[in-house]
Amino acid sequence: SLVAAETPAQPKTSSTGGQATFETLLVTTEDNITTIVMNRPEKKNAITVLMYNEIKQALELAANNDCVITVLTAYGLGSGNFYSSGNDLNNFTNIPAGGVEKMAKDSGDLLREFVETFIDFPKPLIAVVNGPAVGIVVTLLGLFDVVYATDRATFHTPFSQLGQSPEGCSSYVFPKIMGNAKANEMLLFNKKLTAHEACNLGLVTEVFPDSTFQKEVWTRLKEYAKLPKNSLAFSKQLIRGIEKEKLHLVNNQECERLVERWLSDECMNAIMSFFQAKSKL
Amino acid sequence: SLVAAETPAQPKTSSTGGQATFETLLVTTEDNITTIVMNRPEKKNAITVLMYNEIKQALELAANNDCVITVLTAYGLGSGNFYSSGNDLNNFTNIPAGGVEKMAKDSGDLLREFVETFIDFPKPLIAVVNGPAVGIVVTLLGLFDVVYATDRATFHTPFSQLGQSPEGCSSYVFPKIMGNAKANEMLLFNKKLTAHEACNLGLVTEVFPDSTFQKEVWTRLKEYAKLPKNSLAFSKQLIRGIEKEKLHLVNNQECERLVERWLSDECMNAIMSFFQAKSKL
Amino acid sequence: SLVAAETPAQPKTSSTGGQATFETLLVTTEDNITTIVMNRPEKKNAITVLMYNEIKQALELAANNDCVITVLTAYGLGSGNFYSSGNDLNNFTNIPAGGVEKMAKDSGDLLREFVETFIDFPKPLIAVVNGPAVGIVVTLLGLFDVVYATDRATFHTPFSQLGQSPEGCSSYVFPKIMGNAKANEMLLFNKKLTAHEACNLGLVTEVFPDSTFQKEVWTRLKEYAKLPKNSLAFSKQLIRGIEKEKLHLVNNQECERLVERWLSDECMNAIMSFFQAKSKL
């Protein structure tokens, strides 16, 4: 399977989240906040198959521990650090025994289950976007409850450039948030948003200067984590419950469409061009 | 019942809306406009059980009279006047014979029927927000057709601070209007919006300087009230009809959730703290 | 029928879209873009019965040809040119043998089928709004994927002034895009938006200075048309598919309501006043 084919890089550090150790994440719980940190900074936090599974596992732990709020963010090296560059395209280069059909099907299953974890997450979930974000980590933002971003962040979903189609429920949630006229420039025509543009369109809650980003955001998050735990969880579930069935339907349709896309000539040619361009650098 | 337990303050004035006299409201019909004025300024127009019932009754009169548009606004004393400070927490201090369970159930029924009246209102309904607004009068704004606000208005829904959860269909309508990332900072994390923020997020149609607010708004409303009555009513019903079933479902779920919340330790402790803090002033 | 009653003006030019010639449109396919140009500039591109049918036919050709994207725009004369002044009210002056009931029913069928073509259009559809837009061409914008506008454009839907009610799925799509508080000022109370207002509300993707409008927009469109064709079409269908059933339901309800409206005294009087005012100029 794709999971077996994955060869994880040596982890920078190990972190215990109570029951588990992660190779691609740092997971801590403190002051009623469980924080999940994507930790492949030398690869711009591109998401490998292992990392999809570890994020899913870390969210399941947070769903069941005593934390009041849960945060997804990323570890960066220096001033050019990324939130995440999205799906690691190397996920497509390890062809399993079943061939590309098997790889596409496995990838579709992996993605669907990954997104399901965000749809069903029962507590307030907050994204702390510390730098540029690409692909799946952008489309997923519509499933977070609050999104804080540094003014250095950008938001880019270049699906059609790669012959692909939207995921993370963005085909439903983005038009809902910002209307078709704005959403389609991102989802169809690859427009990259600045942090302030994303904030004006409602994808981001608030933008902070990079120099004070971490301080201002964490001051606020620590206040949130002191609020009544059950009131927050029940309120979030009330809000999410109204469209949970539709979100699962959308997620299924998006993943089915992507499996077809991954097997199309358009997509295969686009990904091949990506690697050829990269090898020439 | 809660209604019987209510001891209304002496009304400032009595107003006849044709068939009815109100203790907590001023209701008039002139120039094709029925205007419902919340009239407990010395209590910041906090909504008692009687006032919930009177607003409901006044809306039912407006729905069936000859008015073209209906306006909800408030009477204020001086420059610090409120639109409304929301649910009067004294509603929770008169425990009926059936105990707190009976009180919670009655309050849930009262709220559900109150909100139903706004969902089903068949004509253009306009909020003229003349000052700060808190709680239920904010969440209800998503059920109005047009919302005009003075620049002195603020919009605050401190549910989780009080161990409660959203009502007035805000758990569905707020994310629909402004997206999750913006709505949840209000609904989960108690963010208070300025009038201009509320306008940018789509909760408010337009903001006016306080000094010219009444004049500008009423000039406009009088023009609206000259438009073809049936065209307006049928257009509003067309727009509302598409989501009426969903709004009733949401209202039911919100009220069920609140009845549970009101009986929770989190909520009881939060309300007790509120009164203790108040008694120390 | 209304179609037979229509006497088209002499066409300015004839254009072949492969299989068809149009009297009210210019239709061309070049650089993977099919462009449909409304071509009654001396009538502000008011839409006659023939023009409804020709736009429908041109969209059906574009849906089935090899183009990657499809554009609707208008031909204008000089600096005062319109995108379109909307439904040509002369459509209501040719009463068929079946009387006004027959006319209303035929008009409802025509409108419903016209709007269905936009709901079902399978490729990215882009509006290039080169000047003021009124009525049906405004309400339809919510069914486009991207909307570019000159800063000279305005957006006006004066339904209630004419005793009518919203169409083009605007009763559902406008509140979805901008929230009720903003949408109803347009749909109920005839507010005319500037291009920048429409852009801030999400109805328009981006606004350009009139002097560089055509150059900037077409540079961008030609880039879009080089993207993988199937990826774009499947992505658009994924996004549209989620609400297609609801859009058809809304379209049916809006057309039923309009047929009733057209037969009402309010509407007949309003249209008669329109022609009387016009004849006095």
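First chain written, first letter: the chains are A, B and C, and each begins at residue 1.
The criterion applied here is as follows: a contact is a pair of C-beta atoms (placed from the backbone, for glycine too) under 8 Å apart; a residue touches a chain by one contact, two chains touch by 3 or more.
Please read these numbers as outputs of a predicted model, since none were measured by experiment.
Quick one: which chains contact subunit B and subunit C both?
Per touch definition, common to subunit B and subunit C: A.
Since subunit A and subunit B are copies that touch, just let me know if over half of their interface numbering is common to both, same, or not, different.
different
Just curious, how far off is subunit B from subunit A if you go by their C-alpha centres, in Å?
38
Pull out every residue in subunit C that's touching 2 or more other chains.
176, 178
Tell me, which parts of subunit A touch subunit B in their complex?
Within the complex, subunit A contacts subunit B at residues 124, 141-142, 144-147, 173, 176-178, 202-206, 224, 227-232, 234-236, 238-239, 241-242.
Under the definition above, what is the set of subunit C residues touching subunit B in their complex?
159-161, 163-166, 171-172, 175-176, 178-185, 187-190, 201, 246, 250, 253-254, 257, 260-261, 264, 266-267, 270
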